[in-house]
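Some structures are shown below for you to check.
Paired with chain B in one complex and with chain C in the other, chain A is shared by the two complexes that follow.
Coming up: the complex of A and B.
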């Protein structure tokens, strides 16, 4: 019974809209479809700026400028990418229609730490993080309120027939 | 459920040939990884050593082998083999009684996992270089092989595995959560057993290479699942059992070396998640430029988080006053230390799930390198299987975040349950431990999501 209740609560945490968190108030007026442009400087093995925030529905333009070797920029979840030759720049434009937090990363092997050349794009607010923390709270409340009735210490070695 | 009741499985485990076949494949792969690291391309993501060790092996180890088979990896690990074969003077034939080499006992002060804690940390501090530089990976793999050989010549049994292997330490720690165990069936039979061949060896096989007396096993940590005792026990008293997950944690151990291992692993997972997967370039630079000023700061911060911040907060939360509640009940100082160590055991499931969540991201993002490295293991432009030019592409990105949440929240619930049991044994409240687990989980969620 208690677990059904917790399950329902978990479903609420998972799917309920988070109006207060879905965008900062001052951004609300320009929420739909404004244009956001960033110039990102790429060098071994970091982007700068490495954290981008846009609103859901924005048209995002990223001008990638490579300072040393060929670098790419691939956005997880959106599956779009661009690459810039050394000293050159290249432009990527896409519509940020999926809310959430996404890693962007270099997709052209550029040296040792290449697999970890990573930045972060947040579209709208990072709802999934808040929901996940909500799940965590529910989980520990459930566990603190309903201690296990049959502790695992009762576990026995299997019976032997020798 | 006793798996060794299945006749086919039992004879496959008892026979040395299936194990030997796997050993040979593993050893060949291992030596190839060393060579690839040393002579192949310096570009990590196209070198067999990096791709197969740090993506392939790591994924299998942390996502499958450890959670489901405990020390299952150690049962097939190639690292101690050459040393063990030399030590025995044989690969398959039954033991002859004369020790061939020095066969010393490891000094008492080293018979704990502090050396493993240190060896793990040494690698961890250099991990950004190790993970990305093939020749460093090759050198480290070779060094482990030769150290294991050296220790086999000096000490008895598998000294390297028991006391030094940087991987073995955490496999042992987390193997306690696995749903599989090797145990004896009947204590009475062991009590009456003459000569204890499972520990001392007989004509059927060697005494426990892991220096464990199977009759006394209560947890998986130090049993390498090598199956020698299954071969030697004349009374058929050894069983491989399926059991509930984490059954070993019901009776928490109270050893400080193991308690700190739990903090080391928990902390390293968080630091890796921040440094390697986070968006902070300065951190990556500091971690990668070993020897620079920034690296020393990074190393100091790494050690401070692991040895001071995490255990210190834990200590303060479970015993807010110097004379803590554990100590109040049984007023010796030792009781407080034991309660600290016992409660730290609750962090084991959470730590394992931290590693799972971290590794999911790392592995799914880079798994496509495996296909390319399979066809061109040395990065020399070969194309053995026609997969050399498969482009890099992260896989399953859409399920990554939910899977990470599931592992972290699952790990939190699992640890909270474990804490309730350990706290009961230590006669303290479990609430501070649960809150501690929640705080670190929330932090890890923030780092990864």
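Coming up: the complex of A and C.
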């Protein structure tokens, strides 16, 4: 009986829509697919801000402002890029229709540490983080509530023959 | 293997070696020019020799960031110099003299210090070519013949309450004898404020007079000039003076900091302000400056401030286009 209850809870954790996504449909369409604008300041060898969070379906507009040398911004997975000279900021617009976390990186060689000039774009909420936290809690509860029912039989070393 | 066959084989091998080796040898004889940020040495070498009429082959690579290559006052497309790649450039000069080559992609606060010279020797091949491209020797820029002091304060004593509009100004021009104001000599040697005072004999109100000034300034330029000026501004000026002319470009703060440390021991706190890039949206400053004064400032540069000397890079026409664009921060022009 208790096993069935635990199984049901696990199913809830795995498939229940998250509170953020279960808002009424009207609010959802307003929230999702809306325009998100960011201004990213790029200088050797970092972006600021370097983490962007948007909802799935948003139209993302990134204005790239270079403050020292020519920098670029390339979003992995979306395969879009933009290049900005200092004094000539450039704009990149795309629709974030793929959920997940994506790296964006400088695609114009900008000095010795150029390969480390990276940032992160998160599209949609991080469902799996919350679901795995839920699973971990369930597992701990399970361990505490259901001690092993089959007794551990005394284990004897096999006789050694000399 | 008989003799003729051996001979034939040797001949083919020699032919292949020659076909591959000769271009490779010639290519390797052209020295490689390295481009680095100005702090790390700029162009190496930075003095090149050439002869009139003979093509000059250049191979350039970058050692750090994206640079660009162009020769001042020459009608050429700038070439991007990318790290790890070699750009091949062929130049032909048809006039002797000293040319300036410079970096065209912003590579830091000292980007504009990345310059070098090409010394072109020989005699003029065809005197009729390139007329108007470089100023004739002996021709002096307008600010010199007008005896303008480029460093003197030139603030306008009064400014319009709001942005003067050329469209409004045009309405009043029909009834006014202003045609003599429309000659480019008059426009270039007078500041908007001077024209505003010259118009005080007319029955117009102050704001109407400013509108007429805006109209006069627009009638002395063309839409093509403004477009060209805007492009030059974005490429060469916006990094310090700001994309919207506000003196707030990405390097403005760095320049002020650099100015503070370099000027502190020399002349005290007042001179530090010189290092901050000019705000072109400030009417007091802009309406008190004549086109000739602005041309002089662009030609000569800031002398000790971060403002480069553009005289060896821009043609005269390009500077006038830039000057016309700078005034568009002050006036509302026809669409």
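Basically, the second predicted complex is superposed on the first by the 94 of 162 C-alpha atoms of A that agree within 3 Å, B and C clash if a C-alpha of one lies under 4 Å from a C-alpha of the other, contacts with A are read in each partner's own complex, and residues count from 1 in each chain.
The working rule: a residue touches a chain if its C-beta (ideal position, glycine included) is under 8 Å from a C-beta of that chain, and two chains touch if they have at least 3 such contacts.
Being a predicted model, the structure only gives us computed values, none of them experimental.
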| item | value |
| --- | --- |
| First, second, both or neither for A:140, with chain B first and chain C second | first |
| First, second, both or neither for A:35, with chain B first and chain C second | neither |
| First, second, both or neither for A:8, with chain B first and chain C second | neither |
| Touched partner set for A:67, first chain B, second chain C, both or neither | second |
| First (chain B), second (chain C), both or neither touched by A:16 | neither |
| Partner chain(s) touched by A:116 [first = chain B, second = chain C, both, neither] | first |
| First (chain B), second (chain C), both or neither touched by A:89 | second |
| First, second, both or neither for A:103, with chain B first and chain C second | first |
| Shared chain A surface residues [contacts with chain B and with chain C] | 109, 112 |
| Residue numbers on chain C that touch chain A, as the complex places them | 37, 64-66, 82-84, 105-109, 111, 234-235, 237-240, 242-243, 249-251 |
| Footprint of chain C on chain A - complex, ascending | 65-70, 85-89, 108-112 |
| Interface residues, chain B side, partner chain A - complex | 1-2, 43-46, 128-129, 132-133, 183, 185-186, 189, 235-237, 239, 241, 243-244, 246-247, 250-251, 275-282, 284-285, 288, 362, 365-366, 392, 394, 397-398, 400-401, 405, 408-409, 412-413, 416-417, 420-421, 424, 430-431, 434-435, 437-438, 441-442, 445-446, 449 |
| Of chain A, residues touching chain B in the complex | 45-48, 50-51, 74, 76-77, 79, 100-101, 103, 105, 107, 109, 112-120, 126, 128-129, 131-133, 135-137, 139-140, 142-144, 147-148, 151-153, 155, 157-158, 160, 162 |
